[in-house]
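Below, each structure is written out as structure tokens.
There are two complexes below, and they share subunit A, which is joined by subunit B in the first and by subunit C in the second.
Let's turn to the complex of A and B:
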């Protein structure tokens, strides 16, 4: 399965990004890592270019909130090209503090299928694998 | 007019810069107090120089910071530049400086030297009669360096590799080499007037599981690029790895090979210094632990025989430290150095031999690149993965090398990518680690190894 991943916005936190890449590869995914400092449009372009199954966006310093509001609008622009792509986001998703109960529905509303706020990397990827298995049944 | 002078006139013709009076600047450098030159301090002060980090937007706050440091018995003052200036965005820096001056809030994370100008800054930079080190992270630092030297700052940190691969995603590496070549030439020119201007490389790189051979290769290459342009005083540096033994081995090999390679290019009249950075990785939140970690770093620096130590503060984990915390760490580090006497001399022959072989193999591969100049050879070597910095965000970096810690906390290479680590050394590195685990467990080990001091 193909995954496009990267850190959204002007965020330069590369260590977590590399660990996500390594973990995905260890689990057998084919990974296209756009790295840090990546804009939403670049993500979607890469998904289409690589014909990816999953888009996994990460964010560490709270920039996700500002950047990801437009996911739905962007999806609409591409018609049904993105219909089968799973949108996942994880990390530290808001500036300051917030609770997952509040944040998860908000990000699902932005257009994400899977949302992980301050969740351990392995737990998040376990959930992703479970989700993909259920979906492809 | 020389080509360099023509180039300088163009760079200095910038709407955010006062008119440069080169004749006046030359006179100033010629007559400047020798104490302002760190190269002179290295020669005359018989101790490890202590230098903190720090920079504030306004003149007044910066001056207050220096007063604090002065009281805490600092040997070298820092001048950390704000991040807008690093990106050559002088307009934003100017606006934020004004806002900082009018309000009680700091709108910049460093001192916007270009906006303050050299005529103003020089008053502060010469006031304490101590050397000042310019810390910035700028790929195109040409204007900044001209302004710094005119202000009385005679040590310039950075380099085309170390200020790019850890800090940028896509600034063109070839441009960085050419812009830094200019910096080296300007430093070399001014060095003829008084004591030499010192150049210092930034060894910590990404500060995340960087293996010693990569750090050393990059230190040596930046040193050679600098000496090639005529710089006569250079500092190679590295940061605490997390293994005491590896630090000591690394210091010994770096010092030995710096001498070897400078002689190789025919430079025998340059002073090479060794700088040690206290732990640069993720810091513990607990301030008591942080203090212990800092103290431990100082002990290792003494065992390494560093000429200068760059300090951290106990507030590291929680954001930008206060001037009080900064001054405290300087005083504590000075105290630790005072009471450290007669340290045992530790030598690990086997580790030194392995590391030396790794470094020399990579250096040989760089020199064997068919390009005509050293900077092009280095550029090609980064581009083709001969040099690979773990966790670099830059698109040109190969990112194939993988490292973990062995049971003694040494950083070991378990995947070499295209880096020409000799087979025998690679086997040795891998043999120190438990690699019979599944890949997920190894990834978990890496996560653990990154946060090892927390």
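Let's turn to the complex of A and C:
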């Protein structure tokens, strides 16, 4: 399964980004890592070019809040090309404090299928694999 | 100059011929009522006859270049990569079509020299379909090349006549692979010259391949410090009669495009001071800071209606200001350069014959102050002697 990943916006947490890449590869995913400082449109374009199954965006400094509000607009722009792509986001998704109860629905409303706020990487990836298995049943 | 021993270098520009020998560089204004070859041999025949054909090297930007249409599936990868390669191959006129919008895109009426189709990494298939063939049927083009996913190549070849297939420019890591397409476009430029009455006679005086001038300038950049006091990162601005080019160090951009080139090129078509004067004035009038700039230069907008040495100087100053605006964060263009990190700005082309160093410095300072709110001051380097293109010519 193909995954496009990277860190969104002006976020340069390169170590976390590399750990995500390694973990995904260890689980057998084919990974396209766009690295840090990636624009939302680049993520979506990379999914189109690679025909990826999953888009996994990460954010550690809360940049996601400002950058990911337009996921639905981008999805609409590309129409059915993105219909089967799973949109996932994880990390520390907002600036300051906030509870997952508030944040998860907010990001789902932005257009993400799976949202993990301050959840450790392996738990998030376990949930992703579970989600994909359920979906492909 | 030792490499220049017995060699004559000629640059045929849209407004000037430049000739470089081991002793000097000279320039001649072109007579547009004459064929390029006749005009060149009339003005420079005495010099040319002293050299063997194999020792004469010519580059040219005078034949208008190739017009290119790129069809790709995303802005950030396929279209961006192919556009970048085309610019670095010396092509000036580029239009792009995003494949998902192909059915609603108006068909260009002009003859397109080359259509580039690109999209997808090699493991992806079924990217293109009938929509592409329908669009191409309506289009008037001379050449077509496919540089996208390997899996789609047989299907496209079956359905598109005379399709040239080259390796994918997007590799499996989503990085750009530019050499094959670059070579194809450079050869096409060469073939185009051979077909143009105005240019092909230049082969009567040279037995070497004629390259496009921007391609040669791009080759020069890694060795520019052998002649100029230039500190990286830098940009080179070539303001010509028809277009303005910016060649820039890759250190000035944050992007995911990984190439082997240290330098890339951007072209602002119809932004020249001679053949594209009207569109330059149009662009100037649409910039909200331009009237402040004119006041700073102590002229009014009436200068746009004048035809004098002074008005040419003002147009060149405006061109500098406008291209800096276009590559700054102030105007979201194809590429935004980190201008606050810039150490040097090199100016080449006719501009170095018209503007004094202090006039250019004045505009650059004005730009930094007004647009970037900064007192940053990159060093201005003038290629007064047209040396930049000669370095690349000798390396070819």
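Everything that follows uses one rule, which is that the second predicted complex is superposed on the first by the 137 of 137 C-alpha atoms of A that agree within 3 Å, B and C clash if a C-alpha of one lies under 4 Å from a C-alpha of the other, contacts with A are read in each partner's own complex, and residues count from 1 in each chain.
Please note the rule applied: contacts are C-beta pairs under 8 Å (C-beta built on N, C-alpha and C of every residue); 3 or more make two chains touch, one makes a residue touch a chain.
Keep in mind that what you see is a predicted model, and the values were worked out from it rather than measured.
*Asks:* Would you mind checking whether subunit B and subunit C clash or fit side by side on subunit A after the superposition?
*Replies:* Pair status: clash.
*Asks:* Is A:70 in contact with subunit B, with subunit C, with both, or with neither (first, second, both, neither)?
*Replies:* neither
*Asks:* Which holds for A:50: it touches subunit B only (first), subunit C only (second), both, or neither?
*Replies:* Once the two structures are laid over each other on A, A:50 reaches subunit C alone.
*Asks:* Please indicate which partner A:113 is in contact with in the superposed arrangement: first for subunit B, second for subunit C, both, or neither.
*Replies:* neither
*Asks:* Mind working out whether A:78 is in touch with subunit B, subunit C, both or neither, as first, second, both or neither?
*Replies:* In the superposition, A:78 contacts subunit C only.
*Asks:* Answer with first, second, both or neither: which of subunit B and subunit C does A:129 touch in the superposed model?
*Replies:* Neither partner.
*Asks:* Between subunit B and subunit C, whom does A:35 touch in the aligned arrangement: first, second, both, or neither?
*Replies:* both
*Asks:* Which residues would you name on subunit A as touching subunit B in one complex and subunit C in the other?
*Replies:* The answer is residues 35, 37 of subunit A.
*Asks:* Can you name the residues of subunit A that touch subunit B in the complex?
*Replies:* 12, 14-15, 17-19, 22-23, 25-27, 35-37, 121-122
*Asks:* Within their complex, state which residues of subunit A touch subunit C.
*Replies:* Of all residues in subunit A, those touching subunit C are 32, 34-35, 37-39, 41-42, 44-46, 48-51, 78-79, 81.
*Asks:* Mind pulling up the subunit C residues that touch subunit A in the complex?
*Replies:* 73-78, 100, 119-121, 123-124, 170, 173-174, 254, 256
*Asks:* In the complex formed with subunit A, which residues of subunit B make contact?
*Replies:* Of all residues in subunit B, those touching subunit A are 167, 169, 206, 208, 390-393, 395, 399, 402, 438-440, 442-444, 446-447, 450.
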